[in-house]
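Chain naming follows the written order as A, B, C and D, and within any one chain the residues start at number 1.
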Amino acid sequence: MKRSHSVRAMEASRATSTRVPVAVLGATGYTGVELLRLLARHPGVELAFLSSEQYRERRVTEVYPFLRGAVEGTLCAPEPAAIAAAADVVLSALPHGAAAPLVVDLLRRGRRVIDLSADFRLRDPGVYARWYGVHALLGLFPLARAGVIRDAVIVDAKSGTTGAGRGAKVEQLFAEVNENFRPYAVGGHRHRPEIEQELRAAGTPAPVVFVPHLLPVSRGILSTMYVRATGGRPPLAELFAEAYQKEPFVVLRGEGTPPELREVRGTNRCTIGWYWDAPGEQAVVMTAIDNLGKGAAGQAVQCLNLLLGLPETTGLEAPALAV
Amino acid sequence: MKRSHSVRAMEASRATSTRVPVAVLGATGYTGVELLRLLARHPGVELAFLSSEQYRERRVTEVYPFLRGAVEGTLCAPEPAAIAAAADVVLSALPHGAAAPLVVDLLRRGRRVIDLSADFRLRDPGVYARWYGVHALLGLFPLARAGVIRDAVIVDAKSGTTGAGRGAKVEQLFAEVNENFRPYAVGGHRHRPEIEQELRAAGTPAPVVFVPHLLPVSRGILSTMYVRATGGRPPLAELFAEAYQKEPFVVLRGEGTPPELREVRGTNRCTIGWYWDAPGEQAVVMTAIDNLGKGAAGQAVQCLNLLLGLPETTGLEAPALAV
Amino acid sequence: MKRSHSVRAMEASRATSTRVPVAVLGATGYTGVELLRLLARHPGVELAFLSSEQYRERRVTEVYPFLRGAVEGTLCAPEPAAIAAAADVVLSALPHGAAAPLVVDLLRRGRRVIDLSADFRLRDPGVYARWYGVHALLGLFPLARAGVIRDAVIVDAKSGTTGAGRGAKVEQLFAEVNENFRPYAVGGHRHRPEIEQELRAAGTPAPVVFVPHLLPVSRGILSTMYVRATGGRPPLAELFAEAYQKEPFVVLRGEGTPPELREVRGTNRCTIGWYWDAPGEQAVVMTAIDNLGKGAAGQAVQCLNLLLGLPETTGLEAPALAV
Amino acid sequence: MKRSHSVRAMEASRATSTRVPVAVLGATGYTGVELLRLLARHPGVELAFLSSEQYRERRVTEVYPFLRGAVEGTLCAPEPAAIAAAADVVLSALPHGAAAPLVVDLLRRGRRVIDLSADFRLRDPGVYARWYGVHALLGLFPLARAGVIRDAVIVDAKSGTTGAGRGAKVEQLFAEVNENFRPYAVGGHRHRPEIEQELRAAGTPAPVVFVPHLLPVSRGILSTMYVRATGGRPPLAELFAEAYQKEPFVVLRGEGTPPELREVRGTNRCTIGWYWDAPGEQAVVMTAIDNLGKGAAGQAVQCLNLLLGLPETTGLEAPALAV
């Protein structure tokens, strides 16, 4: 494959010689496009290969005109040989079924892969899986680590629609979601075992009651978590401060101050608030993330930065588009 | 005061001689307007007096043109003598501060009063207070009555913006609510003691952890409730059926089927779904109401029907405007 | 086909003996469901047959739980013999391709058909086509009839999403429509020739520049029309009053008072405002309808009333759900 | 006034010595906050003074937590002496009444001022007024300059709610705007004379029929313009290309391709599409901007760049947050 078909960031001021060529697979779904938005101005990488089955052979700016001036090139089928020829690192926003064999092939070819699919859990050293379910775990981890969780943890999650992907489904039509709100997948969401597994790893084998709800917003997940504590009121402020004081993307809102979705829109941040409900003997922990940011593309770019030895915040510094 | 200044329903086909003249106080707030919408076509009442401080001396159809052809008349100041002269029954959508002395005065004049203010709790036999907090209590009452609630009950409530009234506040501006979602009043909402009081009355003195959230929708409250049960899995389907099989406005969605806001929009219904989370040993109960319907004006009309000896559903039969 | 499979309105108080049995074809699309919502409480008809290809053999209240207590029965395939056996009048919300042969067959069987498809224009005496494009024509008709339109008429239309139907399309997903606004079908919308044809019929063969836009709302079409006038300022108030003073569903908002979408939501109304722009020598006419009401199901019910010799407003009296 | 009270951008990597200290007045309104969002990462300036009457003495990150890590400091009253001591350039997002005397004072003190108020039109050499109404003028300017506009120009504008500011007004409440759409200020918007003045300056003294509408979105203005042309079809593609080929912030979508709001969200871009309507003899021109970007804060930063001799695009390169 010739490099002339690859995609290059446009700004003349960016010296591409020192940039790492990366591929984005599934570049036209909601997560893929968010990766393009973030990587278009990332100083350490060059967008060298973009795949899209649906829009193959079309220019990316024809499909997404808002990317004019930021990203260039033609969308290709995800051929392993072509990807490996063009890119050193591969970010895959493909769903599991499509991703798995491709990832294996790319690993064999010596490429490093950051996989964003929800289900992929290869424990292969070349694969950098994102910490899925992270949005709830960031709120629970400090409590799990401190051993103060008494019994079942309740996670009441409210998510925007882009989390369901860009596939054409009746239940995701505007008129079905607008002015509506509903729980879904009650009793059987895939996040439940993931959160339970991570709590166990942190030392607390508690069951998780997980109820997701669909919000009439495009982006964001706000989770309200209820944790009965052993041994009375835990030192919540201290536990959160200890866990996250060095984390650039976790913002503690403090006691009694709830987070809100808009403060994380377009960012890789997780904001956390909490309070102690004395009569109920519960710690109430509230977290907000952008599902396309910290929940997907932002987290992947953070992972990419670590992989490349760059400062963790590279390309992720822009404040939220709060209004 | 002359009747000629009062408000009359317009349709010629309605024989006003057999209708009960009613007054609506606070007729131009969100709850007041919903009362007008419902009562305009109610066969048993005549809209005989409408008060509005903000729009006094203006025609109601000038303020709300959509009521043309349905409601007529001029908005007046809420003078007790004029109200008592015009109406037999008074529905007050005024806030507590404004309502209390007026209600006392109207009771002395022998008028019956249905008070929709959140705070008013006169135990006077002439006052018909709505069962505030009803939206959550309908989900909890069957469990409380059966004595299966083990300890603290969690109520995670998500509400539309009309619940905050029509006052001009920055935090209720479109651009503050749109594409946003946030908990509010964490740790101190007035519903908490109300729900606890009613649970106690039903035989279960459990603390209630109540966290309300603001949804970017105009109407509706969806509450997700988490109840740890004594003695293993309670017979949820039976408990709900027993409690509500004769209730015309409670719709049981059944095991594993969550309600959604749109199915109650514009109605006096409460829809209820539930499931048993075995690992967490929790009953999860989900309820949906329209805060202007079952949460305010609809409930008041239901109360009015009982007061007038009419079928409970009179004027409340219209299906939801689901889309 | 046995009647036992047909659909019956539930309310015991409704004496079905005097009701006309009607069929609704395409009952689970947005227009079909709006027909069910309106006809469920219509005193002159019985819902006797409901068709849905997508949900055949399922109960209508299973697909749309909000209809519980209002509509009953099982959704069937649209077999002409079964439809004709069950119903005297057929309302078809099917798209043209599906509707045309079926309508012909039903006409042969002596059934009367009200066809809501956009494209169907059978000039057969048994078919009662709705006056499509009516939302714009109601604003232009008085001017066309008076002969005051000078040259090209501009119709700038803004529509909610349900006008595009309930098919699963990426461009109708919540995240594509929300917080967005865009013109579509520029230069080639099918309404253009329809409006031009009707203007010609009213005596004014003017070209129509028609630009539709997609609004992030579920229901409604607001059209702003710009008309250069011959012979100076036309007597706009008089022309509109003459044309519509006897029309129960047209509400004139008057000089300088624009209509708004919310005042027609859920109704069969068209509200009209206008002003004269002296420097531009233009009449600006603004109309609002609910695309599922006056634009589809409401108009069909009005047509049905005329067909059955009922008052035109039967079943269409409910005020708008304005908030 | 001591500099220690001023506001400093936080990132350690930014060498403040070479940055120009700027003040933002009215920093907590929608336009002010957008200025902070853009300037927080602008490499050529230091945020040295932020004023807010409403939130004076409070930290900016307390009022807007999403700015943590990006902007620091305490909001002050807009005292001319303090402003002049802290800043070389002043960006004022104050309304006219508040801005005028302050601007005069600051000019006397030798400060350069970029005024974003809608009404301010000081022709003083120190004041850099934004080109208000620019969103429509960018679509009309090439036609006006070419002398092809025949008579009255029609501008049908649809705007998001932040254009009305962050003041608490009932008509801007969520439940008043949501699921609604309406024209406003019909016949008398202040933009009309501004656009007419600029068209005159470009050689075409045509009247402008301007009808603004309120969209249920937070950001954006999409304008659809109708222009009857002299001498047949004008070479639209050529006229637009000539006018804007060197403009970094104007994106031509081309013949028949309409712009949409989401493609400019958060940017300083104006996207333009057009087509020729042959039967109507009209050029239809469609433009999209973000009212807080190209319509306010973005335009001000572009102006600031020119003032400081920086590349025009500095700090304005981020792609749209399109979803």
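Rule of thumb we're sticking to: contacts are C-beta pairs under 8 Å (C-beta built on N, C-alpha and C of every residue); 3 or more make two chains touch, one makes a residue touch a chain.
These figures come from a predicted structure and were not determined experimentally.
Asker: What are the chains that chain A and chain D both touch?
Answerer: B, C
Asker: Would you identify the chain whose Cα-based centre sits farthest away from the centre of chain B?
Answerer: Between chain B and every other chain, the largest centroid distance is to D.
Asker: Just give me the whole-number Å value for how far the CA centre of chain B lies from that of chain C.
Answerer: From the centre of chain B to the centre of chain C is 32 Å.
Asker: What whole-number Å value describes the gap between the mean CA coordinates of chain C and chain D?
Answerer: The mean C-alpha positions of chain C and chain D differ by 40 Å.
Asker: Just give me the whole-number Å value for how far the CA centre of chain A lies from that of chain C.
Answerer: 43
Asker: Where in chain C do residues touch two or more other chains at once?
Answerer: Expected reply: 30, 162, 175-176, 178-179, 216-219, 262, 265, 323.
Asker: For the complex, which residues does chain D have touching chain B?
Answerer: Contact set of chain D toward chain B: 30, 160-162, 166-170, 172-179, 216-218.
Asker: Spell out the residues on chain C that touch chain D in their complex, using ranges where they run on.
Answerer: 152, 154, 156, 158, 175-176, 179-184, 186-187, 207-209, 211, 213, 215-220, 222, 224, 226, 228, 256, 258-262, 265, 273, 275, 277, 279-282, 284, 286, 323
Asker: Spell out the residues on chain C that touch chain B in their complex, using ranges where they run on.
Answerer: 11, 30, 33-34, 37, 40-41, 64-71, 162, 178-179, 218-219, 248, 251, 253, 262-266, 271, 292, 317-323
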